[in-house]
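The following pair of complexes shares a single chain, chain A, combined with chain B in the former and chain C in the latter.
On to the complex of A and B.
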């Protein structure tokens, strides 16, 4: 199962990219998606994301199926925008509710952006191990350490948080199964009741997350970890043809997204 | 030569004493079991030895150097700890990266890191799984993966914190064979609540509510049924069987391990 945040071992060009360049390229593509505001812009971003999944040889469908579980969230985001976006020419206006074509377009944009950004994030964690992401982030953010920003620690936090996503997803499934076996989450109830019955499951999940975090911290310290300061990179940073092509492609996409702003 | 010395150490969590006036010395290489029931302070003791918890009272010395907050990092270089739940310990979804974590933290060169990773994975029989996700290995393989990450830093002191309690019999045997291969020139400390596992060590330190109830050769400590019961430790099967035979009037020698039991039964024939 391809859970969001899970690393997918492979030897594709994306897997073999220099960690720093990969992080930089993905950041540029994130920016391109974030600034897209037209159908053409979104189509371009969508094509780029699908192409990257093909290059990485990471299956796209399991990731989309995972997103499908969050459909209620996406519908809520869309409806919030559709009904509460201020507009000069609403179809319907009552109290603070304003249903308009502007709201519908804004809602669709938000949902598309979130879906594309989530898919891209999922791809990043699929092609890079948390340690490689830390290496990339640390190198990219290094200039900020001059301003006494704890770059090493921040990178490590991001890395550990990413590596915990699949672990916590598996843990939550286990807790839900355990609760279901004791009748806590019966199948076929109404959505509201189902949502309320999930609240008690949050406590064991949080406790489990804290326990695991505590154990991981002790294990990391026991293996000589102390805030990345002394760590020596096992993978030397390099810049070759693959890295140059990656940067070129991502910058082209950003330029394309800027050029297509407001087109259609 | 590695050594551990604890002198009059005490530790409490939120006002509740976990360890009280605790002293012992492990002067050189050998196998030592720290045996105690749940809540007896075993894991706290291990964390204090490794400098993972700040010691507020008493003194701990590793290889003659006192453990302080300032030198805990350098002292930890000579201590490797294998924890109970491997799933919470992996830092990378790729085994070789996870194994490299310790040597990288201690600043070894890239060549040295790779050489240590190769050696550790080969020693633990995981060289074919180096690109695998450690989280997806079997229970026994996960323990070996964890051990690979620990021995990659070449520690003189190896501590196993209830590390084998979640393994099946085959997994435990495989790990014990591995530990036997690693103990040469090292101090191997097994923290456990199992008398069977403690019997594999030369010496046993038995804990009762944060105090040392007994400290001596494993044959002596683990053959005292009353002492073990007073510490909420179930005596080994070998001891229970030989005791039952003696109660039945059969003059069997006390045994604490499977091998000892075999000898005791053979001597009766």
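On to the complex of A and C.
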């Protein structure tokens, strides 16, 4: 499966963190990177991401190599910002096109943020299984159930969705292979033709996905499933020195990012 | 469609939000041109109801970002707002205009959802995510010009997929 952050089994402190605290710490670091807007801020974020990879004992190079495959996307994001960002002092201005230094800086910032945040989300999925991520989210969002927000139902939907991802990814590749075996996929031709050839993939994929959902619903009904509200689940939270250090580190990074906003 | 089937339909649509873009990203600019994540979100709203459409629109990009890195985190909140609006409005309009599951109701819901999502996303960018640095030409360019192939593809494919799902018995006629 073409996933950026597959789970990497291990026993590092990040692997052993409580799922809820791990989600909370990563969310704080996500926020710290997202608000960075200066060179110092990006350097601090970069140092934090590299340090976290070292702590987790997860190799950084494979995810960088995967990121390279998205270079066309990064170039598009950069150019969209460079050419469409409103500016008082543009180098070139014609119709809706406005090429300026402000646009170039904004594009570079956007690309840097995307790269750092992608690396961080890749690390999160490397140190936590999908079930641990869902558990962490469920525990983190549990207080919202006081406001009658259906947190348990939403987390059940997300956890079922996660288990469907590899199944549907395999299904899509088998549909594409069967289409190719009939000569329906024009391999190696123009991008437009390749894109048009992917459109017929959608119908069988949706039908197959809904058939699987229907089969699972029948199986769940047969086993007497009556909805998440009637299920009892224990909300557990273990908070030790490791968790305290993790929160301290992430909050320090957030404070650092706020302090460095607009510095250089 | 009962609540369990709606829950599971929503789950598979969220999973498709991760899987479909993986196929389209193999094409240069495939994600930007064809917006493949919009398809399952709009369909989820139409087939289930607005709360499930909203959940699909919020959770779909979130999971895709976690698993594939796309959309990148700076774009993630904007996409969650945009797709959440699509799912919400598609479900709501289907309830108002799509009684009996007529294809005309599906098209009306689709057009309303696509417009509402784009307006909401534009307002969110103008007033929250890119405050002071977002303009009307940038909105037109990013939501109508650059993704014109996606708009055409959605208008053609979603009624077709809906008709196929109804024919296969996965969608209740009464619900739409």
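Following the convention adopted for this analysis, the second predicted complex is superposed on the first by the 180 of 264 C-alpha atoms of A that agree within 3 Å, B and C clash if a C-alpha of one lies under 4 Å from a C-alpha of the other, contacts with A are read in each partner's own complex, and residues count from 1 in each chain.
Keep in mind that, in the parts below, a contact is a pair of C-beta atoms (placed from the backbone, for glycine too) under 8 Å apart; a residue touches a chain by one contact, two chains touch by 3 or more.
Note that this is a predicted model, so its numbers are computed, not measured.
Participant: Answer with first, second, both or neither: which of chain B and chain C does A:131 touch in the superposed model?
Facilitator: The answer is first: A:131 touches chain B but not chain C.
Participant: Given the superposition on chain A, which partner contacts more residues in chain A: chain B or chain C?
Facilitator: Of chain B and chain C, the partner in contact with more residues of chain A is C.
Participant: Touching A:254, do we find chain B (first), chain C (second), both, or neither?
Facilitator: Once the two structures are laid over each other on A, A:254 reaches no partner at all.
Participant: Mind working out whether A:203 is in touch with chain B, chain C, both or neither, as first, second, both or neither?
Facilitator: Only chain C; A:203 stays clear of chain B.
Participant: For A:9, using the defined touch cut-off, is the partner it touches chain B, chain C, both, or neither? Pick first, second, both or neither.
Facilitator: After superposing on A, A:9 lies in contact with chain B but is clear of chain C.
Participant: Counting only touches as set out at the top, which of chain B and chain C does A:212 meet: first, second, both, neither?
Facilitator: both
Participant: In the overlaid three-chain picture, which partner chain does A:222 touch, first (chain B) or second (chain C), both, or neither?
Facilitator: A:222 contacts chain B only, not chain C.
Participant: One more residue to check, A:34. First (chain B), second (chain C), both or neither?
Facilitator: A:34 sits against chain C, while chain B stays out of touch.
Participant: Residues on chain A in contact with chain B in one complex and with chain C in the other?
Facilitator: 160, 167, 211-212, 216, 220-221, 225
Participant: Taking the touch rule as given, give the residues of chain A at its contact with chain C in the complex, in rising order.
Facilitator: So the residues of chain A touching chain C come out as 2-5, 30, 33-34, 66-67, 70, 72-73, 76-77, 80, 84-86, 95-96, 102, 106, 110, 113-115, 117-118, 120-122, 124-125, 133, 153-154, 156-158, 160-162, 164-165, 167-169, 172, 176, 191, 194-195, 198-199, 201-203, 205-207, 209-214, 216-217, 220-221, 225, 227.
Participant: Show me the residue ranges of chain A that touch chain B in the complex, using the header's touch definition.
Facilitator: Touching chain B from chain A are residues 6-7, 9, 129-131, 160, 163, 166-167, 211-212, 215-216, 218-226, 230-234, 236.
Participant: Which residues of chain B touch chain A once you look at their complex with the stated criterion?
Facilitator: The contact residues of chain B facing chain A are 47, 50, 52, 73, 76-77, 79-81, 83, 85, 87-94, 97, 100-102, 104-110, 113-114, 131-133, 135, 149-150, 153.
Participant: Give the list of chain C residues in touch with chain A in this complex.
Facilitator: My answer: residues 2-5, 7-16, 18-20, 22-34, 39-40, 43, 52, 55, 59, 63, 65-70, 72-75, 133-135, 137-138, 140-142, 146, 149, 153, 157, 160-161, 164-165, 168, 170.
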